[in-house]
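Take a look at the structure below.
Letters A, B, C, D, E, F, G and H name the chains as they come in the text, with residue numbers starting at 1 for each one.
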Amino acid sequence: LRSGYPETIFSQGKTVEQVVGIARRLLEKNVNIMATRADRNVYEALQAIGESVEYHAAARIAVINRQPVPPTRTTILVMCAGTSDIPVAEEAAVTAEVMGNRVERLADVGVAGIHRLLAKRKIIQSASVLVVVAGMDGALPSVTAGLTDKPVIAVPTSIGYGASFGGLAALLTMLNSCANGVTVVNIDNGYGAGYAASLINRMADRAAGTSQNPPL
Amino acid sequence: LRSGYPETIFSQGKTVEQVVGIARRLLEKNVNIMATRADRNVYEALQAIGESVEYHAAARIAVINRQPVPPTRTTILVMCAGTSDIPVAEEAAVTAEVMGNRVERLADVGVAGIHRLLAKRKIIQSASVLVVVAGMDGALPSVTAGLTDKPVIAVPTSIGYGASFGGLAALLTMLNSCANGVTVVNIDNGYGAGYAASLINRMADRAAGTSQNPPL
Amino acid sequence: LRSGYPETIFSQGKTVEQVVGIARRLLEKNVNIMATRADRNVYEALQAIGESVEYHAAARIAVINRQPVPPTRTTILVMCAGTSDIPVAEEAAVTAEVMGNRVERLADVGVAGIHRLLAKRKIIQSASVLVVVAGMDGALPSVTAGLTDKPVIAVPTSIGYGASFGGLAALLTMLNSCANGVTVVNIDNGYGAGYAASLINRMADRAAGTSQNPPL
Amino acid sequence: LRSGYPETIFSQGKTVEQVVGIARRLLEKNVNIMATRADRNVYEALQAIGESVEYHAAARIAVINRQPVPPTRTTILVMCAGTSDIPVAEEAAVTAEVMGNRVERLADVGVAGIHRLLAKRKIIQSASVLVVVAGMDGALPSVTAGLTDKPVIAVPTSIGYGASFGGLAALLTMLNSCANGVTVVNIDNGYGAGYAASLINRMADRAAGTSQNPPL
Amino acid sequence: LRSGYPETIFSQGKTVEQVVGIARRLLEKNVNIMATRADRNVYEALQAIGESVEYHAAARIAVINRQPVPPTRTTILVMCAGTSDIPVAEEAAVTAEVMGNRVERLADVGVAGIHRLLAKRKIIQSASVLVVVAGMDGALPSVTAGLTDKPVIAVPTSIGYGASFGGLAALLTMLNSCANGVTVVNIDNGYGAGYAASLINRMADRAAGTSQNPPL
Amino acid sequence: LRSGYPETIFSQGKTVEQVVGIARRLLEKNVNIMATRADRNVYEALQAIGESVEYHAAARIAVINRQPVPPTRTTILVMCAGTSDIPVAEEAAVTAEVMGNRVERLADVGVAGIHRLLAKRKIIQSASVLVVVAGMDGALPSVTAGLTDKPVIAVPTSIGYGASFGGLAALLTMLNSCANGVTVVNIDNGYGAGYAASLINRMADRAAGTSQNPPL
Amino acid sequence: LRSGYPETIFSQGKTVEQVVGIARRLLEKNVNIMATRADRNVYEALQAIGESVEYHAAARIAVINRQPVPPTRTTILVMCAGTSDIPVAEEAAVTAEVMGNRVERLADVGVAGIHRLLAKRKIIQSASVLVVVAGMDGALPSVTAGLTDKPVIAVPTSIGYGASFGGLAALLTMLNSCANGVTVVNIDNGYGAGYAASLINRMADRAAGTSQNPPL
Amino acid sequence: LRSGYPETIFSQGKTVEQVVGIARRLLEKNVNIMATRADRNVYEALQAIGESVEYHAAARIAVINRQPVPPTRTTILVMCAGTSDIPVAEEAAVTAEVMGNRVERLADVGVAGIHRLLAKRKIIQSASVLVVVAGMDGALPSVTAGLTDKPVIAVPTSIGYGASFGGLAALLTMLNSCANGVTVVNIDNGYGAGYAASLINRMADRAAGTSQNPPL
């Protein structure tokens, strides 16, 4: 169904052997592969089966790219509120890149320093779709969505303590966002946000008449 | 920012007078207006100020359309699992229509009768973006997203009893969906889903080269 | 302990007779009285005992002011995100006024329209202490606190639906605020916020050397 | 009461010494024994008392089978949605086998790939009772129950992250299932599901007139 | 799929017109119909379309029985802890009866009066499957399951106050039951319990060689 | 206030040094001391300051008994449902003993095996006050309180998994108990139960005219 | 089992007819009867069957006292924090009185006015057992238990708003009380507290050698 | 915005390298720096870059003070209920000191020993603003606020077990406080409380006419 897109292996809760086994089966179909939530052991085990593997440490993603995908001209912007949210933001950004998207990144633009955020208005408004990652109070997607008329995918993170309740506070904030165009994914689900953003950015790329992607 | 789009008044928790007051101020700018969560009193009060108002009873939306918007050729599909989810589905569908989208509707296709759902595969696969509405177990978006490679916006509803906890069960199901391309909005938030779907379908329409919409 | 301050009767959950009874006993001490959560029946019953009563309908507060308190020169700013939050904001504002404070009001400045908020920066920065009221995503206090170096008292409201869970979402957002100087009170507790703000503004007034208040 | 059935020791939260002590006492009655949630230490300690012990590592069950039980002809089907749910599914399957049931297994048939599931319709419809194990969105039992007219015992697992809240999301989904014939056990309770399925399959076996089991 | 079984309409959240419309469509197929959560209005509206309708007021179920089903010889026992649980117990009992089962009822046998319960041991042990309904502490299924080797379907009810949290307490108790053979359905879901019990009792009836039911 | 009673040090969350420091200060007053939640390090450190210390390993309580207290003749019965609940039960039992009470113990009498429990009716009915400890479904106090007319103090434990939610399920069961005379303490709070039982048993002892205790 | 004690009918969730029916059956045994959660209709229906009924409106308890019970000399003190807690406090107090206890009452002694509470130290210290009722922050039992060495039964009430979550806040406060001798009952469960206090006060009365009660 | 105030680095969830990197960038602006939630590694790494660093081990705060701030004459009182709350109290106290405030400390004054608390009334009443830290039942702020007419900032801690639910119980208690002038921060958020107290105490200092602080 998803021609041109990589097959994904969700490594969390699987043994290295299980991941490698699934990868071998998929490689027989000659597809691109992306292993998410992959630690260094997974990366090395995939290399050991003789494949050329790229490892994105911050995103914890290992990629086997047999057929390179030309990137879109339109852009996905991946933003995050704080330094500690970067791993989740990177999971989103790398997922989108592996799926053939041009990605911009913006970190450490919390809403308590609104001027730092407003100074980035141009880059915010030039993106076709935005992934906005935040823990603690989770307020960044609301403010950001007010600055653009493009879809915003909000990703709550488990960063925080006390009444953040493992990301629940940020999740609820985002679901209750008063701004138009915001949708939400699971806590820490950078992958899901990157994937959905990718589906949308493809449309934007073709709408812009600049698409180099093969048709879905 | 959102030229061509209607201004929305969220009527819930406001007096009829407040809604009318806001509407008057907006009408001075000659924009289209959509009042959501509007009961019949709001509708009649808006008529009383001499405007031509359309009332969508099931969706509880009153519309003042000063400048008609030509619809997209590409389609948003709004599906729901049960009869009782229809009001939320209608809120999404009417919102999308008012924003200039062609909308298809599909009701009563719960996952416990998978063949009724599969029989609709064609209409599912011809949509550019899907809004999938479900209460109780909230499982419909997962199955549907597996049948299409387009973005799916999942809307949990407060329909149910007991351990549905006012829609919490459906919300959690959707956030934990194992299918790619699913994002989620607040419980009963048909409006938010319709709005986000509209942002995406515009791109699809232009990508298809069929757009009659004015540029955003 | 709190000389110069009114005695408060929390009317919710009390019969009109109970409220009047408590008021009579307090009036013997010749103090000012403020009945919060008071509907029109309470107001009329207090008038009926021959007192001159002021009724603040939006705030649901009835006041018997035997000894007028000269207001501070320094200001408490009471802001709220949406129209539906006004009753809670008014409870805070009227409480503060009855306690002898100059109060400014700012309504309908949600974070999704950040420019409307920024346009009010001057009034925000001239207040000595701020009460910031918001339901749904509860993000306003975080942004506001970033615009001032004065204490911000955040009041979550029960306004919203679905995953707002009766104000829980806004409460958690505020407790997790990343901005400095924010403290929080109970959901819908305009009274508590107005009272605490009043304690602080008194200090500001004396610090400014402008105080007309009797010493605490 | 449960003649023919093994005695079960729930090892979790007990010391190896406690488990061995209980086993010794039970063996005096010459019954079959099954230790659940048993790690390798328990297994080895049971061997050390001179018994012939079978260890099912994936299920974490150690079995001492003094009196072999002839299996039923009718079948219990144990299905699971993902690779990571296998330990819980195995706990159910091995429990049922030790209790004298023929068991079929089906893994990795999530609802997002509905065709993989539908391809298994025959095996689904030939079972007398089904144990359906799923984490994350927990949607598999709803869909499966729609494909059979036999009882379905749903087992939520703690597999997932973020808003899966340790299996709560899957549990709620299953309790809210819109499909007929679904009942639910505790999160990760493969044992309980296997036991209840066994009670039902016995009836099916006798109904089919094929039973080799001694009467209960 | 479910030949011989009635079609069910869940009336809650539907208008009388919607229920009647669905009933008309089903009657064209000449099947038996059961409308659950049906108040007297639904009952009368169904009569008004010229059908012979039976109304079970306590169970809130209206039945149109075009083809009578001969009852099983084996028995489903429906028990409940308190008087206030009777409506839910009746929903289970009537559902099972409409589906062609012999049903026994036992009310007001709470665990705090264990001797009243033990006095009923015979009737408990002669049932092929048990539906055990309880609110508040929800402890009855645990004790009952200890008195029988047949499957027990536990139904938590929303009866109670305070920390019963609308049936959550009873639900959790039942999910954590230490007794073998217990499975659980949603809070107040008498229908689901009656249905699942019916699937099991059919097997028992055929196992007993006494079945008069047509094959499934 | 509590003459004759030991001073208690709650060791959890304190360093060994802090516990020893507090003990030294208390010993100057020549009182008996009980350190709860004390691991072996605490025990040894207390010995090292030259005191004669008794260590109750299962209860994790270390006792320095300078003035022995003669035990009551009336009895506190400490019961628990499962083997894994013993540490909490022991915390209650040892606390009561240190406070000068005669204590009986009864373990492994879960409600799913009601006859094992009923066989102990005599010992249950001869106690003056009962401490009933249970995890998982927490049903034991309800049944027990039905067998006696003496006060029952229920202690939920964190034993269990899945929907036991760290003892929450058992806590709610106990708070919702339908039996008369049941009160509840915090999850795992054996100490609190033992203490409260002790206050009550003292009265029973004096009521029985057998008291050897010094007056409170 | 409970000779001398009244039989209780919990009227909530029962029809007037059901309550009267149960009362009739009990009166045949010539026992005293107490109907709790009884509104005026229940009271009048009981009178109508020709019995002499006492109605305690604030407590919502109707009593048929065929055999008067002489009161204890020792005292149960029933305290509450605020005016709105009185109905729950009265349920406890009247229950205790009907069961033959001398009861003292103390209202409106919240912890925020500690001196009003301390002024009552004498009455607090002269009680044999205390029932302490509080909503909102639920802090009163902790402070009170520190002022007495007698058992304290804490009753959380559903009084409050916002983050009181229907009494959950007060319940948790009480379960976490740092004071010795505190046990807790369900939210709003005045009856349960009065009953348990009564069991304890009987012992105190006999211990004091003053008992006029018949033996249990 | 916050001239004279230190810049804060929240070290939790950051690598030592990230903290040092941020510190270096800030030091270029020649400001004071405070790293909170800093373990010894962070402290040593900061020293290693050639700065003179003060480490407050109990508070887990490392300070680089380039420009010493003269302390206020007015006082912030930081109180805590138990020994285990000291780390959070120290975080508040050190934060306030680094920001140029005179700070008093009061530990181990739980509400169950009200006289120990009342003995400190003088120190309580001489503070300009109070930070009150408590875990478990969280009742201390309510009582304390009743003893002063100054603002009280309540800090719930995660200290406790069972139904303390990681500080949730204390948080809810504080939000529901019946005392005037109480506001609340996140669980364990000593920093936030110290910061907000500092903003208020500055005003008090200037009001007292004793301020040595530079103007904000």
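Following the convention adopted for this analysis, a contact is a pair of C-beta atoms (placed from the backbone, for glycine too) under 8 Å apart; a residue touches a chain by one contact, two chains touch by 3 or more.
What you see is a predicted model, and the numbers here were worked out from it, not measured in a lab.
Trainee: Using mean Cα positions as chain centres, tell me which chain lies farthest from chain G.
Mentor: Computed centres place A farthest from chain G.
Trainee: Which one of the chains is farthest from chain H, going by Cα centres?
Mentor: E
Trainee: For B-C, find its twin among B-D, D-F or D-E: the pair where over half of the contact pairs carry the same residue numbers.
Mentor: Repeat interface, by the over-half criterion: D-F.
Trainee: Whole-Å distance, chain C centre to chain G centre, using C-alpha means?
Mentor: 37
Trainee: Measuring centre to centre with CA averages, how many angstrom lie between chain C and chain D?
Mentor: 58
Trainee: Any idea how many Å lie between the Cα centroids of chain G and chain H?
Mentor: Going by mean C-alpha positions, chain G sits 42 Å from chain H.
Trainee: Between chain D and chain H, what is the gap in Å from one C-alpha centre to the other?
Mentor: 53
Trainee: Residues of chain B that touch two or more other chains: which are they?
Mentor: Only 162-164, 168, 171, 175-176, 180, 186-187 qualify.
Trainee: Could you list each pair of chains that touch, in label order?
Mentor: Here the touching chain pairs work out to A-B, A-C, A-D, A-H, B-C, B-D, B-E, C-G, C-H, D-E, D-F, E-F, E-G, F-G, F-H, G-H.
Trainee: Which part of chain C faces chain B closely enough to touch in the complex?
Mentor: Its residues touching chain B are 83-84, 159, 161-164.
Trainee: For chain D, which residues count as touching chain F in their complex?
Mentor: On the chain D side, the touching residues are 12-14, 18, 22, 156, 158, 166-168, 171, 186-189.
Trainee: So in the complex, the part of chain G that touches chain F is made up of which residues?
Mentor: Touch residues, chain G against chain F: 1-2, 8, 128, 149-151, 153, 171, 175-176, 180-187, 192-193, 195-196, 199-200, 203-207, 211, 216.
Trainee: Under the touch definition given earlier, write down the residues of chain A that touch chain C in their complex.
Mentor: 81-82, 110-114, 118, 136-139, 142-143, 145-147, 160, 162-165, 168-170, 172-180
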